[in-house]
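First chain written, first letter: the chains are A, B, C and D, and each begins at residue 1.
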Amino acid sequence: MENHNHTALISKLLTCVAACENCATECLKEEDVKMMAGCIALDRDCADICSQAARLLQRNSVIAHQYLLLCEEICRLCAAECSKHQHQHCQDCAKACMECAEACHAHHEPITQD
Amino acid sequence: MENHNHTALISKLLTCVAACENCATECLKEEDVKMMAGCIALDRDCADICSQAARLLQRNSVIAHQYLLLCEEICRLCAAECSKHQHQHCQDCAKACMECAEACHAHHEPITQD
Amino acid sequence: MENHNHTALISKLLTCVAACENCATECLKEEDVKMMAGCIALDRDCADICSQAARLLQRNSVIAHQYLLLCEEICRLCAAECSKHQHQHCQDCAKACMECAEACHAHHEPITQD
Amino acid sequence: MENHNHTALISKLLTCVAACENCATECLKEEDVKMMAGCIALDRDCADICSQAARLLQRNSVIAHQYLLLCEEICRLCAAECSKHQHQHCQDCAKACMECAEACHAHHEPITQD
């Protein structure tokens, strides 16, 4: 596993972090914040996990490619929630999450589960 | 999922973070740092991932219990490496990682893999 | 700077992280989420910064004691906001933040500012 | 404070994170790891703090501009250490840290210290 092979993936992850941070902040300014509660919670988890994934890839961690499986999962959950709302920040976030999920899917490795 | 059920698990996770941070710092002071390189790298990943796991549990995240699968995996890898070294900080870290892995194992949920 | 001198401080920091994570999650469930928006935003910053502070102390970082100045500042801001609300999670969070701010204050070092 | 004004600063922060992660990983592979111990420790702190700074800016946190003061400090410390070593990863890291320190310096706000 080499850093230079992961430039595009890392870029998707960091774009997703930025979109999630922005979406959560903008959701908190919306008139109906209550409706955005699920979005705010998922944005936070998704930003945290994608940020960690980027750093594991950047340091060539042995766990990086397994971590992407988790990352894909939270990106899909966050995209599904954000896509329900018409706010531009939600639509932008849904798009970034979906593209990130697909990039993670192309690179992840299985985790041993028992 | 309720916070109060996870007190013991969160405690194991945070103990593991502290042991990994301490082990990495002490490894960097050892005479033969080269021999400790694998340990230092795994300590870092394990501290990052266990710290994130604790916070996902504390916020009752929907992804928390799936995250524990990943957490168990990195704890086992870090414990296996640390247990090879006789330094007290390595032995302490191996023990904290193994106990944390077992606590994660008891609580994790499967991740959909395809 | 030795880890064993910082047990009480690290404990305050980690208690504050847990209180902030819990408060943000509970705020998102409140009927009037809009009123809690400032609280949710500060909880997040405070949890992130206190968590990082604990880890810098655990690894005996050269920047740890300067970091506590920042940590004290965000704890005071979060405590001030949370203390405005009567919810138990807000009152608990305000208390944890205030105690953490005081512990940070007792240990921080100045940062060169120019 | 608006996100769109901080694109260049956030880019410098994320470039610095990547350079620090890479430098730490490569230092661990060097023949004389012991000589790189200070570098590895500072790389880690610098990556953690710059990553957090980027996220505070992305979420328009009230503490973001004060945080940059701390960020500048750790970037200068890391640059000073890395610049002592002739490895390409150290030279690259020193350059990224120095540019990041200057970007932080241009945007930071004072912290109340007493």
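Throughout what follows, a residue touches a chain if its C-beta (ideal position, glycine included) is under 8 Å from a C-beta of that chain, and two chains touch if they have at least 3 such contacts.
This one's a predicted model, so the numbers in the text were calculated from it and none came from an experiment.
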Exercise. Could you tell me which pair, A-C or A-D, is linked by more C-beta pairs in contact?
Key: A-D
Exercise. Report the inter-chain centroid distance for chain A and chain C in whole angstrom, where each centroid is the mean of the CA atoms.
Key: 25
Quiz item: What positions in chain B touch 2 or more of the other chains?
Solution: 25, 41, 44, 55, 59
Quiz item: How would one label the connectivity among the chains shown: line, ring, star, complete, or other?
Solution: complete
Practice problem: Quick one: which bits of chain C touch chain B in the complex? Just the residue numbers, please. | Solution: 3, 10, 14, 17-18, 21-22, 24-25, 47, 51, 55, 58-60
Self-check item: Complex contacts: residues of chain D adjacent to chain B
Solution: 25, 28-29, 31-34, 36-37, 40-41, 44
Self-check item: Interface residues, chain A side, partner chain B - complex
Solution: 41-42, 44-45, 48-49, 52, 55-56, 59, 61-63, 66-67, 69-70, 73-74, 77, 110-113
